[in-house]
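Same chain, two partners: subunit A is paired with subunit B first, then with subunit C.
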Partner chain A sequence: MSRIKIQLVDLYKAFNAPGNENAVRAVDHINLDIYSGEFFALLGPSGCGKSTTLRLIAGFEQPTSGDILIDGQSLRDVPAYHRPVNTVFQDYALFPHMTIMNNVMFGLRMEGVPNKEAQKRAQEALELVQLPNIGKRKPSEISGGQQQRVALARALVKRPSVLLLDEPMGALDLKLRRQMQLELKSLQRELGITFIFVTHDQEEAMTMANRIAVMNEGNVLQVGRPDEIYEKPVDRFVAAFVGETNFLQAQPLANKTDGLHVALGGSDVVVKNSDDIQTGDGPITVAVRPERIQLKPHTSASQNGADTGTLDSIQLQGRILDVHYIGTDIRYVVALDDDQKLTVRSQNTDPANNVFLPLNTVVDVAWSTNYMQVLPA
Partner chain B sequence: MANKALTGPFVRSPHTSEISLPINRHDRGRFLRGAAQVGYKAIAYGGMIFLWLPIVLLVVFSFNDSRAVNQWQGFTGQWYGNIFNNIIGTEARFSTELMLHAVGNSLFVSVVAGIIATIIGTMVALSLARGHYPGRRLLDGLLYIPLVIPDITQGVSLAMFFMIAFGFINNLLGLGANYGFGTIIVGHVAFNISYVAVVVRARLAHMNPRLEEAAYDLGANGWQTFWRITFPQILPGIIAGWLLAFTLSLDDYVVTFFNNGVGTTTLSIFVYGMLKTSVTPEINALSTLMLVASTVLVVISLGMQSQFSKR
Partner chain C sequence: MAVWLTSRVRRHNELLLAAPAIGWLALFFVVPLFLVFVISFLTRGTGGTPTLPFTLEHYDRVFTTFSSVFARSVFIAGKTTLICLLVGYPMAFFISTRKHAFTRGFVLFLVILPFWTNFLVRTYALRVLLGLEGPINGMLMGTGLIDDPIPFLNTEFAVILGLVYGFLPYMVLPIYASVERLDRRLVEAARDLGANDWHTFWRIVLPLTMPGVIAGSVLVFIPAIGAFVTPDLLGGVEGLMIGNLIQRQYSGNGNLPLGAALSTVLLGSVMLTLMIYTWFVTRKGGKNGQ
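Up next is the complex of A and B:
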């Protein structure tokens, strides 16, 4: 990995609500290293502290304690207007009384760049976002998607060493959003600027970011590449927030040489990769993604598998409770023998031969233990 | 069939053979709605007539060829002519001269008081909207109270305040400060600050706070951010505030009455003084001119407002 660009050191921000003794811990002592040239996403539900973290980096809020370093330099006493970062705001915050050109030139004028050069650079920035011909218009005269690009140009024209984006796609419709996601990603690759991107949309974060920090209640729960976050979520919150997951309760029975035996779905199954889980007597949670589960109608032949499956896979029996046709997938809700519910997504690859399994069909479900997470309950 | 005698205003319903009014339920609803509309119209027009009839009479009688204010004697432009001639100096009628002098005093007081009140009021609004200091909410509440304090209370309290202040200052510094333009202007500024602050605050409340953050983010310091972003955004509010202060100041009688001095007779004081003798048609003419001027001002300010809101 390349060198560290931004370091959040034990960053803490508390808001004192008026008349409330207890401070709201918006950002609760977080530590993060963000590398140079990285597309980094802060992902979490609203109120998780991701926007506050961004505002702390931008300098709109002052940390209660802790520090932010850019290239090793503390930003503690640096006002927002002297920080080498620029922001793309959620509502774009274009200056309504200025033309697009003057909006984009604003930052350069504040730097004291001569008018002629400022104009040239602003025009280049507008070309970069593919809007070379709207300089004379006012923000109210262009569409939301164009406003977003102008906001991007206005921030990029300053050649920041870090670009902060606060849910910049929030106001765009789905199609435009998809398009902008791809454009933004290629733009970032092209410019090599560190992007820090705040979003509550896990799909957006996965699509765009090199690395993601999942936040909740002011804490960073997990930092990692999108595939790490998806495949190896550290806890139930991350597993549930990023993608869809089945959580199954299992009661430990015995720790044998072949692994931990648990009671799951009315059967005795072996959970292989239980090394890193502290198993007391309490129940554990098994997390498995719906698309990783195989589903077949139950036949007497499959009975021979003795339910528990092999060492590498888990096989259970259930009954179809519900079927949803989604187009790309068919989603089954299966009730296991112990009445726990399991969602299974089977890809709709062969619609001609794809037979909907009717309700109440008895089915075998199976998944590889490699694709299963054992989490504390 | 005995009902036959009852035809005429009454008809038989074909289904129930009961006697009913010639209007069915549907028609009755329409009738009532129509009546309500007539009522609304009557109230609206009645209100407008009540509001505008005196003003129309004033305008009409400003062209009356008689010194008597209440009897139409024929058309003349004489009273406007008198004012015009006095202004350009081809004629100098003493009574008109006095009136125009009072107009001059009024304009001077209201322009100056309006400007001072607008500057202070805007700063108060900014402080209340952007500040985070203890007592801010209390100050916010106090801001609205002058809007409902009776003029008489304000006038008397200011007069008393000046009396005490002058006694103190004159004793201490050996000066001879007294009531005059200074006291009138201070008095007007005092009641106008609230109006300006309330108007500007409303504008500030509608301003997107991200705009200022965006300016900081792009390298503007507090001063640059204010003049390049905040000020242009709230300018319509500031202009509206000034216009309000100017007009309130222009037609103020009570506060001025308690706080004026020698040679500072404003138009409202002058006109009130004339009531003891008689109101001249020139006053009607002058009032009409002021009506036209203020209408033009309002139209301009509305035009500017809509121009700004487009941005």
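Up next is the complex of A and C:
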């Protein structure tokens, strides 16, 4: 895991939009190290540059500047057909005029592998994706899920050093998709090939990847393990794109020995992890995940603790605006005293005793400061 | 019973829709064609009028005396088709790879622009261009490349040039349509799997654009083999084609039954070509699932 497989060095790709003087910076000077045997996901909304990055690695596009290294070797002048990478395309791109067997054998034939051996290896690849008996059929005669597996077999049969996957699950229905995600992950573990996976689905990226690069507008915003991305998003975009987040505005009041005092939800609360935020900087943003918030009906007993919070937690008061029953969770939308809205997910673990709180109930909400991010406004 | 009645009525109505076309074709196509077929077995009477008895002598002449003209027609049509293909395929590719829709539309417009002028006029124009004192010879002599004018006219070359000029759009348009339909991602997939440009073309691009190639070839070959205006104006004796021969039998004091026999054989061979084409396309098309 520690050896670097692919290095993107100051990679830049600009497309000249017709009739527009300003070039579109599809990939804007990104640097990435991807390790050998890693399942790496490029995650971002459409148009963020993730697919262009993949196409640059595959060799379908040429970088405007910068370089791509595989095992330390520059790919600058290497055409797509000489690169040690293979691609699983979004719509599979199986050759419609060839049988499945010939599709899978195509890459081997191009390498000059003798027919007999090519046939044997293609059959093995089809067995690997659990489709040993469809070699004689045409792509139009098999289902979408099967086509996806064939596309995988066709790429893997070349024994690539890196496998590129461009939203390969995009066309599958949810159930098949979940199944393929698990299969793909175990296949990757089994083969030990470096996978670079492009997706706009954060759940898919979290499920499968060892590490994720979150991209937006041609930039890599954050690289890290799924839990790092989820727990410590570097900015508002990452926090919002990966999972659900509450963003609350807070006005800094004073920096004291116990931390930064801010006005939040109509109370004076202390924010600990605020080293880089100075008072007088203007409002800050506090991000907290809905499932990390405790919610209970307000009682007079909790009066003393409310509005101040202990050193490690923040407690505020609010009023239930909306309730959604989701099944696994009950989701409350709470209006704080300063009218900011907060979404709270409380797990539906004990339906018999779980009181479904009615609208307008006055509640106490609390969360640990450890599970809270302070972001620049 | 009721269902049978409705379906019968419906079928009856549908037949009514086709009735004008069927009537037209029967009167002006099937009946004359049948007459041609019958006349081809009659004897040539005085002044060329066909009379009894029935004979096979015209077919005998078609396959002996005129077999060389037939062969030449097939060759000329074949060469025309091949040249149209070699010129038209890259051209269709060029058009479909233009980035802007306007450029594509404009070049396609240029391809069909010659159709705006009468075919006969265009062929006469070629005569002028290719003549001994025409602009082409004038230019070649002016630049000192040649000393004496080249006799382009009345050669097989001139006929093929004229036919290619006239029929090129019929090749370009169907190929353009099939190149347009080609999924560019398949080309990327081929390159990704290690195919260089050469292999990508022969293994992926050409097989997938084959329907356009075949359609274009049929659309060029069939009118080319029966052409008579172009060989008449540009070919002289050297470029004599089966179309000219047929035309001569039907005009002046020609031999009507011989003309009919020539027509029948020509029609038969064209139909055979079409049948092979249809068989080829349905077999390939079925396999492609398109």
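Operating definition for what follows: the second predicted complex is superposed on the first by the 370 of 377 C-alpha atoms of A that agree within 3 Å, B and C clash if a C-alpha of one lies under 4 Å from a C-alpha of the other, contacts with A are read in each partner's own complex, and residues count from 1 in each chain.
Here is the rule we go by: contacts are C-beta pairs under 8 Å (C-beta built on N, C-alpha and C of every residue); 3 or more make two chains touch, one makes a residue touch a chain.
Quick caveat: nothing in here was measured; it's all calculated off a predicted structure.
A.B. asks: Here subunit A is shared; do subunit B and subunit C fit on it together or clash?
C.D. replies: Subunit B/subunit C on subunit A - steric clash.
A.B. asks: Can A:Ser140 be said to touch subunit B (first), subunit C (second), both, or neither?
C.D. replies: Touch status of A:Ser140: both partners.
A.B. asks: Quick check on the superposed pair: does A:Gly192 touch subunit B, subunit C, both, or neither? Answer first, second, both or neither.
C.D. replies: After superposition on chain A, A:Gly192 lies in contact with neither partner.
A.B. asks: A:Glu111 contacts which: subunit B (first), subunit C (second), both, neither?
C.D. replies: Once the two structures are laid over each other on A, A:Glu111 reaches both partners.
A.B. asks: Quick check on the superposed pair: does A:Gly72 touch subunit B, subunit C, both, or neither? Answer first, second, both or neither.
C.D. replies: neither
A.B. asks: With both complexes superposed on chain A, which partner does A:Pro351 reach: first (subunit B), second (subunit C), both or neither?
C.D. replies: neither
A.B. asks: State which residues of subunit A lie in both footprints, the one left by subunit B and the one left by subunit C.
C.D. replies: Comparing the two interfaces on subunit A, one with subunit B and one with subunit C, the shared residues are 58-60, 79-82, 85-87, 89, 91, 93-97, 106-107, 110-111, 138, 140, 154-155, 158.
A.B. asks: Using the touch rule from the top, collect the residues of subunit A that touch subunit C in their complex.
C.D. replies: 18, 58-60, 79-82, 85-87, 89, 91, 93-97, 106-107, 110-111, 138-141, 154-155, 158
A.B. asks: Given the complex with subunit A, which residues does subunit B contribute to the contact?
C.D. replies: Listed in rising order, the residues are 208, 210-211, 213-221, 224, 228-229, 232-233, 308, 310-311.
A.B. asks: If we count contacts the way the header does, which residues on subunit C are in touch with subunit A in the complex?
C.D. replies: Against subunit A, subunit C makes touches at 99-100, 183, 185-186, 188-196, 199, 203-204, 207-208, 287-290.
A.B. asks: Considering only the defined contacts, which subunit A positions touch subunit B in the complex?
C.D. replies: 58-60, 79-82, 85-87, 89-91, 93-97, 106-107, 110-111, 138, 140, 154-155, 158
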